[in-house]
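Each of the next two complexes has chain A plus one more chain, namely chain B in the first and chain C in the second.
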Partner chain A sequence: MANGGDDGDPRLMVSGKALVKRFGGVAAVDGIDVEVRSGEAFGFLGPNGAGKSSTMRMVACVSPRSDGELRVLGMDPDKDGPRIRARIGVVPQLDNLDAELTVRQNLQVYGRYFGLSRAHVRAKAVELMAFAELSDRADDPVDPLSGGMKRRLTIARSMVNDPELMLLDEPTTGLDPQARHLLWGRLYQLKQQGVTLIITTHDMHEAEQLCDRLVVMDGGRIVAEGSPASLIARYSTREVLELRFAPGEQDGQVSRVADLAERSEALPDRLLLYTADGEATLEAAHARGLRPVSTLIRRSTLEDVFLRLTGRSLVD
Partner chain B sequence: MSTDPGPPAQRATGTVVPGWRAMWLRVEGHWAWYRRYWRSSLYSSGIEPLLFLAAMGLGFGSQVEAGPATGGHSYLHYVTPALLVAGAVMSGMGESSFPVLSGFKWQKDYIAVTATPITPGQLLGGQLAWLGIRLTLSGVVYGLVALTFGAWLRPGAVLVVAVGVLAGLACAAPVMALAAATYDEGRRFIVMFRFVMVPMMLFSATFFPIDRIPIELRWLTWISPLWHGNELARAAALGGGDPLAVAGHAAFLLALFAGGVVLARRLFYRRLVV
Partner chain C sequence: MAAALALRILPFGRYTGRPGAVVERSIRVHSRTWTLMVSGFAEPVVYLLAFQVGFGSLVGQVIGPGGQQLTYVAFVAPALLAASAMNGAIFETTYPVFFKLRYAKVYDAMLATPLGPVDIALGEISWAVIRGGVYSVAFVVVMAAMGLVGSPLAVLLLPAALLVSFAFASVGMALSTFLRSPSQFDYIRLVVMPLFLFSATFYPVSVYPESVRWLVQVSPLYHGVELMRGLAVGVLDVGMIGNVAVLAALAAVGLAATSRRIGALLLG
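Presenting the complex of A and B:
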């Protein structure tokens, strides 16, 4: 059976060409090309205002594109919005649960909008509450739940129609580490079942864990694309040397050591030197008389790719 | 069909429900809420007008002589149908102001609903249908209690509930449109309650007949949906309505409702599809 939609390459769950979203005169998404294949976990990384949510909302068929082409499950969101929405699961960046309903009612009522029978949503709600670890709060109203619990419920709610494609806009914001790992595990499981995932995140670790492929967005454009490993290989060095100085002493240190590394980056609280061999660079820096209060040698991560591409670091 | 070696994809269970059923599902969602809160909600929409009825109809009304001003009826019989309509108009406008704005802005449940196969137009339809059901419920409760006061004279009075629903929805639809076009904290609703709703209560021949309203201000009465509702309700409850006038009043309310729905629909889309 075809995973995708009604025409074109059936394996393409989402395909956008020269996709544009304008608000007034401002282009929030400024001509991006994306293709997401069936069964893939695809990520959008980018700083605040990069256009991630705007893109997600177009794919979710709640925001018409201003220009370009877009197909979701092989259909055109402008024409087949409801049909597409019936088959996808959406976790918006901001929770929009019905605060006055109970946890259970939130799932059941929402499920009914997808044309599911009462018996079906009743059973589904039980299953999803177990997934979200909210079974003991089943008949409590949503309003007094903690932020993380609400987030878990929003995620559970998005699965009520067993979606083929899930759009998760910063799904783990507000979750504690345990809940975050639980969710990663569950998303991995969904992926194993063939569910296609599109995720935006500020958490580079999350992106590395979950995404087969990702794009880095900045200013409404895609600035890089690839697997986490290939992006790291292309845009960063094997190792990174981090130097921390006593307060006020970092200024002026960059110029003394910049030539020791392929690239250097001065963050407010530390100096980063990108190099193939961290040990050697550290020795060389010491030889030049640098006296940092602490040092760290680590492998490059997506965080470094991000910093390189956008000039911004992500503080999670 | 394909030779795709990838993992087997699950097929989503969601489907698109036809328009009327989609509206009904929204009603069902409200019903889930209502089951939890019906007491307080019935109180405000049904019991409040009743207290009014007790005070005006029985208390104050006992001081008013039946006469030509009240069409020869006792004040209780005169005021009871109008109070039902006034209550429906008040709750119709109230329910369509902050609660609807909240759906867009604070609670954001409208945003959640329109991320499903439900469209903004169906959402609006569901809101109106649900409001109609609530107005019917509170109208029936009010009617039954008024019956125990002996406030109804003829069987035709059951139509007063329908008039209340019509007048309530006719006033609600434009307010829903206003809510969809409101991006601030909704101060305009306070202004609306003060400068539209309260004068409407006073100038709609609810408590006293239109000929007691100064002639220079009578145009306020003629444009007031509540007055048209009151006239219809009295025709049903007391009899003796001129068919042409009845048709005119009904047409006014239907036109207001239709215009409100068209505007609200456009503004719901503008608000939710951005």
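Presenting the complex of A and C:
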């Protein structure tokens, strides 16, 4: 038998070229190139409607591409959907747990969809409930669980087939800080075991913590690509000076200090000045008579990169 | 091998050969609601008893297949078996399927696994057939106990009931994929009710004037009723091949339509 078309670089878990997804006439994904290598954690960032979930669904083989090339685990989703899905784990943006089943049954039944044996899924369910810290709710129905518990169960469910590649669409949305840190730890652990992770998130801190490499999408296109550190180095300054003013006093302040920084950004509640030396810039601002109610000097983060790239409240 | 072949031929991996996993889900869901199973069986039996006690004494003899004289209950019983197979199948594949498809996203979750639309359609339809089959066995046993079967051929009532279930479950599930709100189920009820009443269920088709008989014969349930009635009294007729063919065709068309719709709705 011909081997399902395994070709190209075997270390590429996902490779898309000029990938397009159209709904009606509208391109939700408008010609993107992505390559995800084996063992890496890869992130998709972007504002609402950027096309992150649409991309994830194409990779998950539940949404045929409209145009372009796509290979997942070396195979073509159009031809080998079931074989690909057998080896990946999917956490959809919205939980779709089975409300007619208990926590344990959700894991067992889902495992059976993969053709795993009853004995195997029975043991696996126990292991995954421990992972999700839901062992004490094992035989409870799913509906009364809290949002965060459901999210954890959805993530645990996606691991029932020991996937090589996991697609996590906003995995930590709705989790409390503790659960979020727990999950980051678990994802890191999976990565150590060689599992490839593809993550979308609106949490820049999360992206910075988890992702080796990421792309920023906007309007269906990729607007930047690289490691968190390289993106920060390229699209932002070393430091950021944040100035907060009393309500109503911020207007007009930008023009007084904009030339002190490489770039400035007026958010509704504060002014950001991008500069190599925050301390010096702050002094200069004071010298010009600015009297903010509070100030903060910090390092640039992905948040700053994101703000710049997606043009959110940009006053460049 | 056949599964591998099917995988290559069917576009976008529509069949993985694992409808059993879908059936297993239903079994788990219903393992605690067995009382519903009991009521599903009790209903047609109550009907039978009502006909035995009530109409039986009023109506007298009826001419059955092959010109046989039958008591009215013996005449109606096979038709009730067919009708209950239909009702059970429609019940199981309309509202519950609609809910799983539109609200609970059960099929979305399944499609993220190797399962394809054909596995889902076949699995859900099979569950309806299995459940209907349990009722049908009980019904046939009660018929026999009441002396309402006149031939060993009556054992074939069971596969016939399964075929009727399959046909209506397939069509019912296909229709459910087109509904957009729960209130639209009234349309299905609007179709099922006349089928139940006018498919030669309660009186022979010869009662109708020649000019409207074709209307009765268009009813899929009519084909189920004819088949069952012939088998119950042990009269085989070439027409039965046609009856089986009609039901099998409905099953196939319904299954194909359901699979296509699930694919179109959820694999966007």
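As a working rule, the second predicted complex is superposed on the first by the 307 of 316 C-alpha atoms of A that agree within 3 Å, B and C clash if a C-alpha of one lies under 4 Å from a C-alpha of the other, contacts with A are read in each partner's own complex, and residues count from 1 in each chain.
Throughout what follows, contacts are C-beta pairs under 8 Å (C-beta built on N, C-alpha and C of every residue); 3 or more make two chains touch, one makes a residue touch a chain.
Since this is a predicted model, take the numbers as computed values, not measurements.
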Chain A as common anchor, with chain B and chain C clashing or fitting: clash
Which superposed partner A:G39 touches (first chain B, second chain C, both, neither): first
Contacts of A:A28 with chain B and chain C, given as first, second, both or neither: neither
Partner chain(s) touched by A:Q193 [first = chain B, second = chain C, both, neither]: first
Most chain A residues touched (candidates chain B, chain C): B
First (chain B), second (chain C), both or neither touched by A:A224: neither
Touched partner set for A:F114, first chain B, second chain C, both or neither: both
Chain C-contacting residues of chain A that also contact chain B: 1, 23, 60, 62-64, 81-83, 85-86, 90, 92, 94, 96-101, 105, 109-110, 112-115, 161
Contact footprint of chain A on chain B as seen in their complex: 1-2, 4, 6-17, 21-22, 25-26, 28-29, 32-33, 36-37, 107-109, 111-119, 272-274
Residues on chain C engaged by chain A in the complex (per definition of touch): 4, 7-8, 11-13, 16, 18, 21-22, 24-25, 28-29, 104-106, 108-116, 266-268
Of chain A, residues touching chain C in the complex: 1, 23, 60-64, 78-83, 85-86, 90, 92, 94, 96-101, 105, 109-110, 112-115, 161
Residues on chain A engaged by chain B in the complex (per definition of touch): 1-3, 10-11, 23, 38-39, 60, 62-64, 81-83, 85-88, 90, 92, 94, 96-102, 105, 108-110, 112-116, 120, 141, 161-164, 192-196
